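Next come two complexes built around chain A: one with chain B, the other with chain C.
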Partner chain A sequence: MKIFKGRFFQNLIMWVNGDTEHFLPPADTKMMESPKVPSVTQTLRPLPTKDEVFLGSFTGLSIFLVIGLVSILLLTTYNLPLFGDPDNPVVNEVIKRYVEKGVEETGAINVVAGMILDYRAFDTLGEASVLLLAGTSVMMLLLKDIKNTDPEDDQIAAYEMEIEERNRDLILQKITMILLPAIILYGIYVVINGHLSPGGGFSGGAILGAGLILYASAFGTNEVRKIFTMKTFKILTTSALMTYAICKTYVFLLGANGIDTRIPLGTPGAIFSSGLIFVLDVCVGIIVACTMYGFYSIFTTGEI
Partner chain B sequence: MNNLLKTMINDRFMIAAVLLFGFGFMNLLLQKNLIRKIISFNIMESSIFLFLASQGYINGRIAPIIVDGILDADVYINPIPSGLVLTGIVVSVSVTAFFLALTVRLYNIYKTVDFDEIMLLVNKEAE
Partner chain C sequence: MLPLHYNIPAISILACLISGIVIPLLPSERAALRLNLTVSGFVAFLSAILLYKVVPNNEYFVYTMGSFPAPWGNELAVGPLEALMAFVFGLVTFLSLAGGVQTLFHDILPGKRNFFFTMLNMLLASLLAMTYTNDLFTSYVFIEISTLAACAIVVARDTPKTIGSTIRYLALSLLGSGLFLIGVVLLYCITGHLLMPHLQMQILRLIATGKYAMPITLIAGLLFVGIAIKSALFPFGTWLPMAHGGATTTSSAILSGLVLKGYIMLLVKIFYRIFTIDLIRSLHVTDVMYVCGLIGMIYGSIEAYREEHIKRMLAHSSMAQIGYIFMGLGLDVNLGIAAAFLQIVVHAFVKPLLFLSAGRLSEIYNHEKSSYRLRGSAHKDWVAGIGFTLGSLSMVGIPLLGGFLAKYYLIEAAMQNPYKLWPALFTLMISAVMNALYYIPGVIAIWTRSELSTANPVEHNIGFTWIAAPVLSIAVVFLGVNGTYVMEIIQRGLALL
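Take a look at the complex of A and B:
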């Protein structure tokens, strides 16, 4: 039996004979040599749970989904009418009517303003209502009232307010004092020129709201509260929305019954022209400005 | 091939809108931070506004504000998508404000804006 003289075969024979202790090293040397080698059960990862399987496949699935969606949409854009083509199906008789009869019927030079505040004024009323509704729901969630107060949070807020009051930025204040009149004036200009130039209630209102936000961030919300409080907010937004609704109700009731509304349209291009569009633009501007500042104020301090 | 390239260059705004939409959607699905999710939602909205505005444009025409009393429909671009984009922007602002308010409430309760951590905490509470 010369061939079984190797170490391997000797070990094999011993293993077959059941002499397993031969393979195990002495107990103390093992402890000294590799005390940090983890056992087999520790190195094996535990089986992934159902949630982990989902999360692992989620990334791949979402990438796959997005790539599929984008390729479908790209294929669709390839088959859509060409960009900027005058013969597109969207350029139809509606636009012709709006452009050719718009000035005569609405009195607004800006066809978009005439469209959204006269032909489609109902849509814009809903839009202003959506904005007011968003403001209301943000207030419901974040306004500090009896149920939504936490003494700890109040302490932190008071501490932050104290630091803020002490560290008012002088540069920001001086720049604000120079810029604010121009911003407010420009906002008013954009609002009341809505029927003559690009702009209108929404963009002008956003500029006015931005001016108020700049003032609040430079001098603190307490300064703004001297002129703009919760009461002002409520009165301005609701009365503007009510004015809008009453004006359009009047026009719809009379116009639907074929009666002349007797609202002078004025000369197109003059500042006091285009009948109700001027009033509606101012209403929308007031709503947007109040809501924009309301968002800022509620998010920073929890009250207006 | 040449035709495809020509179409792609001509429709660049639509393609950019689609790519932006995909970018925003991917981030909306994969980001864990709620604020980043809201930002990616805004990117998706902006891509739709870009698409709508590009649909209203007609080559060589000017913005629909009547100048010099020219009442010809062949001079001005399509005013309807502009109005629709205006509506969309207002709704997008409202929705963003509502999302952010909900995020503030979630942060007040769980002290984190990480969506996975919030779900873990919710599951722990349920058990």
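Take a look at the complex of A and C:
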């Protein structure tokens, strides 16, 4: 194996091994031993490093890029058809059928509800899953585990919690007691009237979630935990989304194959009408409310 | 009543969604894992049936989601190409999960594994939906889902480094979705439609009258840039190495092998079914793709050459491979697009094979990641060693392996366009040499005996040794030997798009 002894082959073997140390110049032993004297360059402000120079040019470049992009987009918007113009290409057979035949075909007086939960329900199924995914990713990252907590932090948090428990704001609590029933009732009203009036699952769910957050901030998350725990959260969101997905799977598969789904549309205007839209609205409402409160609770305390 | 196999696309998407929703409720992680494996295997099986039904008859069908037809409801459009991609997505997800599950259980904390499995299922659902959809807005919704799920499976490992790289990934990914959404909105404003065939009709009408020429150019650009950011084309791909290199093995394999390709599939579908490929060529979008692809090939190779962390090296190499794909798409000939799709399929099998083998090798050596420290690891698990070697040789382009055929077709396509021939040939040559320069040392290192390679025997990893590695290796060899069949399917699919 004499031929592998040469300097070239030694270098090659080192390089194959990914060992870069070999190529570095030998360290100057004298320099390392000399006592540390602050040099002139250390007392002065340090020169910008390569990264800092890069970041500096980055700011300038990005401003330039953003201005360019904004002006192009504004110019394009200027060239777009006018809103409300009868010649606007958006006014076509699509919109016409939604508005003219929506009530007859979906049973929902609120055209928007009919559009998002019946005509284009597949998109809305995706959007509802986005909410579940957002909640799940936040839980994945922020839920307390051994990696992101240590006993000291827990002690501090418990101590702060204690102080907070003792100093609850009385005014906030009293006003919450007055407002909360109205907020919850209004939220439920918006959700279950989604097919009759403006509103629906998304907006009603947001109202319900805001009510829960108000309650939690007045009385503490511990108080909410008496009725709303991690388990309720999981069961409510997944079963609501599950109901949505299964109902819609049924409709998609039967509808595509041209089989009658036999879902009664009811009389438009009655509370129990418009077939599945009512059910789906309730499901979406539950998901939105739970996700909103879940975000609040996980971001503040790390648990639900 | 439709033929039974028409229902397969809808069933695959909905099965993935529903199982993703159920998983948080399952009592144990093992149950979640089994459900996940079952669903992805089921999707692969169904898609294989669909492929078998669709290819001989050259079928291209449209499936309404629900009872409302074309411009009012949502639709799926399915042909041979879509079925092929769905089959690859399902199969590779199954194999990546089966092969990487041991590392996954090491990397992710017990309470959070079920969340990870939810994300995997949703990711598969979004990939399938992006492949099958016939509706631009549905594709946007599922882009959103895949963005969230992809970021979540990176951050699931929960180390400071992965959190940092995920923030970068999330920021750039959201920028991409934002640009795509602006494009969709502008397109709706000037056409009034969201379904692809109707959009195409309106756009051809607008082009004929010469109205809104500037918005149409801008929209094509916005949709292209939005997707290019997400599929890590050269100037936008800086997030990829850290995100893919830092994640757990399964995530890296799926992200590199599949997620990037899902977006490219959608991009091609948009080009063919909305703008028509001739219009895209006359708008010079393909020229941009060609140039960015060429630079990306060189840049990714140089970065990979300088990297010592083995998974980050593979991630950099993914960036170079994305360059190959976009170069193929940008060649302005139909064979180039078909060659790019062959490259997509080959890379979808090779990169997971490399990631899983590298993950297995580092698992043997106490999760060491630098290629220097992995010396001799192949002697402790020769299946992983052979997997890594096969994958590397395919990347370099040795005949009888998939990578060779993909490069061969890319060159053949480049021959048809004299203006783009020489830069493409030259860059392909440099890139192939660079590939050899960074893959072969790794292969030599893992087969060189060291004192560690004679230490105690290692724990077995049944999923990797008996399922993932053999199937992926066979697929790589099969693509190299019989790749012309796959090419035939791709060409038929593209002709029907």
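Just so it is clear, the second predicted complex is superposed on the first by the 251 of 304 C-alpha atoms of A that agree within 3 Å, B and C clash if a C-alpha of one lies under 4 Å from a C-alpha of the other, contacts with A are read in each partner's own complex, and residues count from 1 in each chain.
Note that a residue touches a chain if its C-beta (ideal position, glycine included) is under 8 Å from a C-beta of that chain, and two chains touch if they have at least 3 such contacts.
These figures come from a predicted structure and were not determined experimentally.
Colleague: State whether A:Thr300 touches chain B only (first), chain C only (second), both chains, or neither.
Modeller: The answer is neither, since A:Thr300 touches no partner chain.
Colleague: With the two structures laid over each other on chain A, which partner does A:Tyr98 touch: chain B (first), chain C (second), both, or neither?
Modeller: Touch partners of A:Tyr98: chain B and chain C.
Colleague: Look at A:Lys234 in the shared chain and tell me whether it touches chain B only, chain C only, both, or neither; answer first, second, both or neither.
Modeller: Second partner only.
Colleague: Can A:Leu141 be said to touch chain B (first), chain C (second), both, or neither?
Modeller: Touch partners of A:Leu141: chain B and chain C.
Colleague: Between chain B (first) and chain C (second), which, if any, makes contact with A:Pro89: first, second, both or neither?
Modeller: Only chain C; A:Pro89 stays clear of chain B.
Colleague: Using the touch definition from the top, say if A:Ala121 reaches chain B (first), chain C (second), both or neither.
Modeller: second
Colleague: A:Leu73 contacts which: chain B (first), chain C (second), both, neither?
Modeller: The answer is both, since A:Leu73 touches chain B and chain C.
Colleague: Tell me which partner A:Ser217 touches in the superposition: chain B (first), chain C (second), both or neither.
Modeller: Touch status of A:Ser217: no partner.
Colleague: On the A-aligned overlay, A:Val130 touches which partner chain: chain B = first, chain C = second, or both, or neither?
Modeller: Both: A:Val130 reaches chain B and chain C.
Colleague: Do chain B and chain C touch any of the same residues on chain A, and if so, which?
Modeller: Residues 73, 80, 88, 90-91, 94-95, 98, 120, 123, 127, 130, 133-134, 137, 141 of chain A touch both chain B and chain C.
Colleague: What does chain B use to touch chain A in their complex?
Modeller: 4, 7-8, 10-15, 18-19, 21-22, 25-26, 29-30, 54-59, 61, 63-66, 71-76, 78-83, 86-87, 89-91, 93-95, 97-98, 100-102, 104-105, 108
Colleague: Okay, in this complex, where on chain C does chain A touch?
Modeller: Residues 1-2, 6-7, 10-11, 14, 17-18, 20-22, 24-25, 63-68, 71-74, 109, 111-112, 115-116, 118-119, 122, 125, 129, 135, 137-138, 141-142, 144-145, 148-149, 151-152, 155-156, 158, 163, 182, 186, 188-193, 202, 212, 214-215, 218, 308, 370-372, 375, 441, 444-445.
Colleague: In the complex, go through chain A and note every residue touching chain B.
Modeller: Those residues of chain A that touch chain B are 58-59, 62-63, 65-67, 69-70, 73-74, 77-78, 80, 82-86, 88, 90-91, 94-96, 98-100, 102-103, 109-112, 115-116, 120, 123-124, 127-128, 130-131, 133-135, 137-138, 141-142, 150, 153, 196-198, 202, 268, 288, 295, 298-299.
Colleague: In their shared complex, at which residues does chain A touch chain C?
Modeller: These residues of chain A touch chain C: 15-20, 72-73, 75-76, 79-81, 88-95, 97-98, 105, 118-123, 125-127, 129-130, 132-134, 136-137, 139-141, 143, 145-148, 234-235, 238, 241-242, 245-246, 248-249, 251-259, 261.
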